[in-house]
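Chain IDs A, B and C follow the sequence of writing; residue 1 opens each chain.
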């Protein structure tokens, strides 16, 4: 028979009003399904744990082992005391900061330009951005080596055109390193920024114009603030990737630009100094994590401050 | 010149006023694309060193590449490692992406972050860490060790690509399939997978490229008979600028571009 | 093998919590075999949750669910043998129309000629005979909905679940499909549970309506009773338009505005809410008041709305009420100008009193 509106009358009719029916069976069915789904993830987790987590954890351990094999913080102490380590970190941050800044200056206009194009043209131009992303980093670094070296393309053209007499030192120094890192990192900035810019509602710009804003004002007060989250994300990615960058600075820096990663590699390859290398690596990892953590808090804070407009 | 006077956007700013923007954007795009492309004609240079444009056109550097046993073996190793990595990382990545998407628990979020860490951790750390572990496990200079390490690096890439496809996929279709009598597995195989197959293919290609282009970890753990192409190239770069590398680079760029074009063109070639 | 074409559904103490909120709050419900029952309520009321529990996609915290005699609460969705139609049709774009409709048959091992025959029969039943070879993207919205229906029916389920299947269609098509759906139900005879937030749709199609809010059933009854005898304020407000006036029952009658009104049913003394529906209030010319409850009112404004006019009036106690007239013209009351004094008539059977507190 039908029951009236739920509540009073029916409860009283139940024989065991206390125990919720089937609750335990439902809970175990739920748990079983959840376990099965997570089981799908387990092969990947096993792979990553064995091949990455364990070795990196082992490095943490190694960094606290003295050369004699006992627990010691001598590697960290050495880093703190020797000025060459400080120089290495300064260089690393210099390169990362400069690369990020140049990428922002070059990448923002490009992303803006792309976001204004009609869809099909934009997709075509995006290939220009994606092609370097997909091309081997080694190939790109090699291309710059060929272009920038003393008898390279740029120097021979410049000299044959009479722009300068002596070959410019464009490689094996900071300049060459920056050219290479910017070239590699630019797509990493442009892609999230482009996505963010495309998501900006163009009606907002129309509204601003309607309310009396000049194009410059509209950009400065409406478009640019809305593009900031995408810009911050891209800049953060570039900065973090630069901190641990090895190949391009090693080739184009030619041993003159010592970054943390180069130092770690030489510690292992040349000196077999596992303690020093691990300690350096641990510090790099901790720094990277800290920066990521702080930045993510800041970015989310920005979104909240703007009234939760970004999600 | 009437196009210049026409407004570019709703804010009525003209194209003429924004010409500097167009010039800068095009310049940046040229900066991104051209350097890599310049290597191509240079690889056909007949001289002892690279020059542009080549005074003599010749295939000598290509011949030296194909004739060298060392280069050929390195290429074979890289190709094998790439294919095996794609075969291992893609199913693992698809399973992980699906499993994590379907469970919405905090634990699942933690697992997602764990599986994405290989991208965040500085590669040099992974390189020396894995090297150290491999020395203990006798996996240095083996193909198996190479494939395992590369798969670990490729996994997050596959996961991210497939996750984004699953997020935009209408899960109601899977629910309908299940209401019509399909188990979760059947629903995935018959309904979901056919519709995300191009994304999965892209993920596989990216996994292959991640392995093929991988240099830092391979530098440490590959060697001898199983030295990778990238490792040999890197060492050659540091010693002297061997023009053979230009030929190899050209071939790599050609293959990469082909793969890129295929993955972009496939979805548009759908039958209906 | 002869199957009975429908099953009754029996729900006991169904509960689902999300944190502190109850999506379903100890629901008890018996759905009769072959009945067309609508779950009606606002968004967030729990009606869709109830449907997904029936389908097996949502697992409740506790409760019992029986299809016929079989306990189904822990059965996974693909073994429940129910047909389901979603709001966005969820057709498989990578299969043809015939492929979509044949899908459940393939899973049940029905292939080849027999499957093709049953697919064609299902398509004919939804008036899409011969459309089998078409691609899904070649169909209009209404056609897609019918393919979804055919797909859900082809394996002859004894229970059909529908989650707002018509809300994506435009008004005319929707009303046409309402009749078609009801006809199909009558033809095939399966038990149908239908979810909607559109009260008109519910009133049109259902054998019974369960009005749901906050995870509880507010009232379960046939459409006429829901409309004319709502059990509480929520149901009265959700269905149709109405205004509520606080009154007091004394000696079985209501005193209001200096007059005595006879209520629809016998009531005990105490405070009540009187429900006034605009279309039940009549503007009276003097002398036409036999048997009607009378209310004095003053006209504020009259709005012409095509098929009827809406008069806004103020009652004796200051309450503003709407009155719907189907013929506005020279009434015997004189030209209807703002400020005019009117007498409204309300049949005793339309003088519905609700519990004084807000809905349970």
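Following the convention adopted for this analysis, a residue touches a chain if its C-beta (ideal position, glycine included) is under 8 Å from a C-beta of that chain, and two chains touch if they have at least 3 such contacts.
Bear in mind that the values here come from a model prediction, so they are computed numbers and not experimental data.
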Q: Work out which chains are contact partners of both chain B and chain C.
A: A
Q: Please name the chain that ends up farthest from chain A once chain centres are defined by their CA atoms averaged.
A: C
Q: Round to the nearest whole Å and give the separation of the Cα centres of chain B and chain C.
A: 55
Q. At what distance in angstrom does the C-alpha mean of chain B lie from that of chain A?
A. 16
**Q.** Centre distance in Å when chain A and chain C are each reduced to the mean of their C-alpha atoms
**A.** 53
Q | Residues of chain C engaged with two or more neighbouring chains | A | none
(Q) Going by the contact rule set out above, which residues of chain B touch chain A in the complex? (A) 8-13, 17, 21-22, 24-25, 28-29, 31-33, 35-36, 38-39, 42, 49-52, 92-93, 95-96, 98-100, 102-103, 105, 107-108, 111, 114-115, 117-118, 120-133, 148-149, 151-152, 155, 159, 209, 212-213, 215-216, 219-220, 230, 233-234, 237-238, 241, 245-246, 249, 252-253, 256-257, 259-260, 264
(Q) List the residues on chain A that touch chain B in their complex, please. (A) 34, 37-41, 43-45, 47-49, 51-56, 58-59, 62, 106-107, 109-110, 112-114, 116, 125, 127-132, 134-147, 149, 151, 153, 156, 183, 186-187, 202, 205-206, 208-209, 213-215, 218, 240, 243-244, 246-247, 250-251, 261, 264-265, 268, 274, 277-278, 281, 284-285, 288, 292
Q.
Per the contact definition, I'd like the list of chain C residues that touch chain B in the complex.
A. 55-57, 76-84, 86, 88, 90, 92-94, 103-104, 107-108, 135, 137, 151-152, 155, 161
Q: Flag every residue of chain A that touches chain C in the complex, lowest number first.
A: 1-7, 10-11, 14, 20-23, 25-26, 29-30
Q) Taking the complex as given, what residues does chain B use to touch chain C? A) 170, 172-173, 175-184, 186-187, 190-191, 194-195, 272
